[in-house]
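Next, two complexes with subunit A in common: one pairs it with subunit B, the other with subunit C.
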Partner chain A sequence: MAAVSQSGGSKVASPRKSLFDDRRILVLFLLAPVLCFFIVFNTIPTLWLLGLSFHNFSLTSGMPPEFIGFRNFVQIFYNKNNIWADLSRTFIFVGSAVSIQTALGILLGFLFWGSKNMPGRRIALTMLFTPMVLTPVATGTFWRFIYDPTFGVLNAILRGLGADHPIDFLGDPTFAYWAVVAVDCWMWTPFMTLMTLAALGSVPKAELEAAEVDRLPWWQRVRLVIWHHGKFIIMLGVLLRTIDSFKTLDLIIPMTKGGPGQQTRLVAVELNKQAFESFNMGFSSAYAVLLLLISIAMTSVFIYVLNLRRRKDSAAGGET
Partner chain B sequence: MADIIIDHVTKRFGTFTAVDDLDIRFSDGDVTCLLGPSGCGKTTLMRMIAGLETPSSGRILFGERDVTQLPPRKRNIGMVFQYPVMYPTLSVAENIAQPLKHDRSLSRGERERRVEEVLDLLDMRKQARAFIDDLDAGSRQKVAVGRSVARQTDIVLFDEPTTNVEVNAKLQLIRTFKAVTQRLKQTIVYVTHDQTEAMTLADRIALMKDGSIVQYDAPRRLYNDPSTEFGGWFLGNPGMNFIAAERRGNQLHATILDSPLDVASDLGGGEIVLGIRPENVLMHSEPGPGSVEGRVTEQTIGIAGRNLARIAVGSAVIKVKADGPAPVAADGTVQLSFPRDRILVFRNGARVTL
Partner chain C sequence: MNAESLKRKGYYAVLWLTSLLFFAPVAWIVMSSFKTRNDILAVPPKLIFSPTFDNYLDLLDRNTSFVLQFANSVVLSLSAVVIAVVVSFLAAFCFSRFKPKGTNFLMFILLSIRMLPAPAVILPVYLMYANFGWKDSHIALILFYAMFSIPFSVWILKGFLDGVSVRFDETGLVNGGSWLHVIFRVVLPQLKPGLIAAFIFNMIFVWNEFLFNFIVGGVSTQNIPYALAVGTYSDGGLNWTFIATLTTIYIIPPIVFIYLFQKYLLAGMTFGTVRGEV
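On to the complex of A and B.
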């Protein structure tokens, strides 16, 4: 209706003035449901969280929230379990898990891409993607069983191979951290495979054929043809994985609960503990606000980098 | 020597036969156009020559060398695709140099010399440093041509290279192709569905239909002496006129003939059709020897300012292409004559000589 009146046909179409003749009102009306949802479930809780982070409020004390300014934030840094150790552990976790997932995912993606006529390819692909659709809590739970020192299948295999002592993968400080990283990779490598397949699918067939006819070596094909078309999808995959693994919690809780010691205590695990085990709502809110800021910072860097590349390409007149 | 020998090649996709038992030789140094309507198998044939498809049966040879099972990179060919394929992050000169870079037999100096030579040939010296993204489709396709010929392979394949280029750039591009193909003595196979392009570029045209080559001839001959009704219909703008004829004894009768046409007695049975090109039909205002009367149904100005008229003669409608307009307006009557030496006779779709 708006389009009709805009194009000057209102005389013919509808002589009555409608509220929606104003385009801005129409747009607002159409956006309203989503906006309401967003405000109720996103904006208000975030503001609530922000407010709470300046209060001393414990669910167990029964006292009303007390305004204490920045004291929660100060405490995060001057606590004996200060945030730095958790943060660096988390960054190493994100860095190692995401790079392993990306490398393996790209490798698998290329393998599946290059084996289009392989029998059973579809079944193999479906099986490959199952870890990704499982609930992380379930994944963590059954991996705890796999890693179990007495009746776990992994130790059974090691025994079969001649190991003397069972290894407590999740209880031993030498292994726990990497055992958790391994499970995260098991779960999320398929996602990067999927992204790689999507990226490879976006490469025009003729360009690959031309590279073949031109006798370009494989690394030149990857650099000049595949990477050029696929980079945004791959980078998007890395971005999504980075943000997501920064928040890893549900995989770790059933496996180690952050232990042994603090070996696998990532920021989200600590946050969960402060909020839902110690009920320090004020302190945990401050902690959450800090994590939110870090997440925003990381995302901004990624988006900046992606945009920068895109701008460079379009400055050169590209259609990417 | 790099004749391209297609030895009883068939290609099936599922139950569809794209190329049907083709057996032909494209000579060394020739520009051969594969011409035909969509789906006639011309692109499939070219992709098999390139090695991008494998024949279901039969062999492909380059001279003595059997290449049927070789991948494209081992066939030593150049190819220009329908969609201008570029390496987007590189400059024009770098694009042209790219396939040369990986040929260890070439010295650095030789590589540079060849790139220069190709840039001159394409008249693109000024744009050598420009990035591919700055070029229009026509120029990109020129660069793609440069890249394919710079390696100086024995064989260069063109897969409908002007399809994605706008009309003005198209003519210029075809001129460039012509210059390039005349300079380089490479064996060239050029796929197109555009007859003007084929006529301009080809030494020989392979006219294709339903996976087979209908006729393989020089452009002029293909146009003047089509071996099939299909050839007469497909070439020319508009295509040939076809008029049903009736055989009585050793004579053919048709509405366009004022007196019967004598034919050999061993012509055989079947459907007889007379064909004549629109430009060979003569139009007069007054009756003359051998002329028949017709009624003008439509007049238009056609290609290159020539006049196109549709004239009803009995139950047949004859297309006439003439330098001037018909002497009368629509619905008027005119006299048409059909020079006997220009009339071709087809029996069951195939040409018969009298």
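On to the complex of A and C.
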């Protein structure tokens, strides 16, 4: 504060005229860079995508795009490999992976929160957070190695425990799906732990102490004090995980490529195949537009619920 | 010792075991990087082996592009994230202080680029870049990565800015400081945790980004994830020593980052609502 008044002090007598005294110019100056980025790298590509989705256009055919109206969209739904199976698989994936990660992450978060004096806590947390920062492409490949029926370390452990047949985790239809979910959970549970620790950190100490003095039972403490302050951050973590797991791709490609059969073919995997293996640009654009609409709907609901809760809270706060 | 301290020790032991369990696959990768090819494929897998540094020497020897790819990783991620954080800070300041019409809508629509599966984003950008002749250019890649890092940075920084009292601005202005002075000299220094958190989170993403680099980049812009994905197959099979060695080298910087900046990482995720100690 002292620095503020000192450095500004000399200017009191003759306030320097600046272009930015005009509020509108200042706002424009602050927003211009982000708007430029947004228009060039977001709006133009999105419009391009939208335009292409109404065209028949394949990169390999060498023909110019041909306008075909809604036929790409119709094809998505009436195709032999129609979108419903992939979509429901993706939603089950998102649901199961995100709920496991959230439950486990919150549990670990609470445990680590209560261990402020643990020797080597910083190293333990660093180790816990490591899966998050691995390169997904390499991680997927390496998990394939760990899951391998012959050389894999997991099967070696199972053998040690007395299993007589090696399990081909990624090739066997009964296991493949859950093997992929397990890797996703391994990678992202630490993220939910991080969010939980952050949420717990945002709870005011005084209120926790007050709850302690009032001898509230632990579940009351969690509900009334911790959840009240921390829910926004935890819900944000869930939102980010939901968005991100909806588009899971780079873990699955090296592990199963969507197989065996179609067991692990999520929407992003199918889109990747259509766009960069078949070069079917018109069709994949339509597919992408559809996914964007679904994502926007999902996120809107999430944010609406978050805001609704917040509004309710502030209304309740006003009454008391 | 008494029961209380024994309980404490058991509690800590459980936490340590959990951390080790999450770290075990990573440890397996690191261990594999010190094994010979035969040791890696041994049945049953070897826990005890005589370590060798041959894989590392081999990597530098045979893979001549390694240095270039590593440099690319550093240059691409650093410059993209720095640009993103600066741009996001300006926008977040505007959103937080002046609340221009459509602030909420803009904040939401900014997130939309994060909602799309990577191929859906890359597809139109690829066509655009191909048409404009921007492929295989560092600047074009950096700008795209910056765009990808902006939404999250804006969200984090706006949260922190909302927590910085408007009184600071007023005091600065009343004392004759210009808006620029207030923005960069008064408010900016108070955002350290938010800036560091935004920086690290986006760094992690760009550092590991593969698909966009693969599709839009070229020979001169390849980064290490590209090498990891493409160099995996050689001699007709998967080259496990290569993956293990390169992955081990490549995770060292992020691990050091999380160790050093753990506090800010946690504080950053509170989006400025932090009141106690994390």
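Odds and ends about this structure:
Throughout what follows, the second predicted complex is superposed on the first by the 290 of 320 C-alpha atoms of A that agree within 3 Å, B and C clash if a C-alpha of one lies under 4 Å from a C-alpha of the other, contacts with A are read in each partner's own complex, and residues count from 1 in each chain.
Here, a residue touches a chain if its C-beta (ideal position, glycine included) is under 8 Å from a C-beta of that chain, and two chains touch if they have at least 3 such contacts.
Here the structure is a predicted model, which means the values were calculated and not measured.
Upon superposition of the two complexes on subunit A, no clash is found between subunit B and subunit C, which fit side by side. In the superposition on chain A, no contact is made by A:Leu87 with either subunit B or subunit C.
By the touch criterion stated above, A:Pro204 is placed in contact with subunit B and with subunit C alike.
Taking Cα centres throughout, subunit A sits at the apex of an angle toward subunit B and subunit C that amounts to 80 degrees, reported as a multiple of 10.
Once the two complexes are laid over each other on the shared chain, residue contacts for A:Leu224 go to subunit B alone; subunit C is not touched. Judged by the touch definition given at the top, the superposed model places A:Val213 against subunit B, while subunit C stays out of reach. When both complexes are overlaid on chain A, the residue A:Asp250 reaches subunit C alone and has no touch with subunit B. In the superposition on chain A, A:Met118 makes contact with subunit C only, while subunit B stays out of contact range.
In the superposed model, A:Thr135 makes contact with subunit C only, not with subunit B. Subunit A has more of its residues touched by C than by the other of subunit B and subunit C. Taking every C-alpha of subunit B against every C-alpha of subunit C after the fit on chain A, the minimum distance is 11 Å. According to the touch criterion, the shared surface of subunit A, contacted by subunit B in one complex and subunit C in the other, consists of residues 204. Note for the complex: subunit A touches subunit C at residues 1, 4-5, 7-12, 15-16, 18, 20-21, 23, 26-27, 29-31, 33-34, 37-38, 40-42, 44-46, 48-49, 52, 108, 111-112, 114-115, 118-120, 122-138, 141-143, 145-146, 150-153, 156, 159, 186, 189-190, 194-195, 197-205, 229, 232-233, 236-237, 243-244, 246-247, 249-250, 254, 267-268, 271-272, 275-276, 281, 284-285, 287-288, 291-292, 295-296, 298-300, 303. By the touch criterion stated above, subunit A contacts subunit B in their complex at residues 204, 206-207, 209-210, 212-217, 220, 224-225, 228, 313, 316-320. Taken together, the subunit B residues at the contact with subunit A in this complex read 50, 52, 71-73, 77-79, 81-83, 85, 87-90, 98-99, 102-103, 131, 133-134, 144, 147-148, 151.
Every residue of subunit C that touches subunit A in the complex is listed here, in rising order: 11-12, 14-16, 18-20, 22-23, 25-26, 28-29, 40-45, 86-88, 90-91, 93-94, 98, 100, 108, 110-125, 127-128, 143-144, 146-147, 150, 154, 168, 171-172, 175-181, 185-186, 204, 207-208, 210-211, 215, 224-225, 228-229, 232, 238, 240, 243-244, 246-247, 250-251, 254-255, 257-259, 262, 265-271, 273-278.
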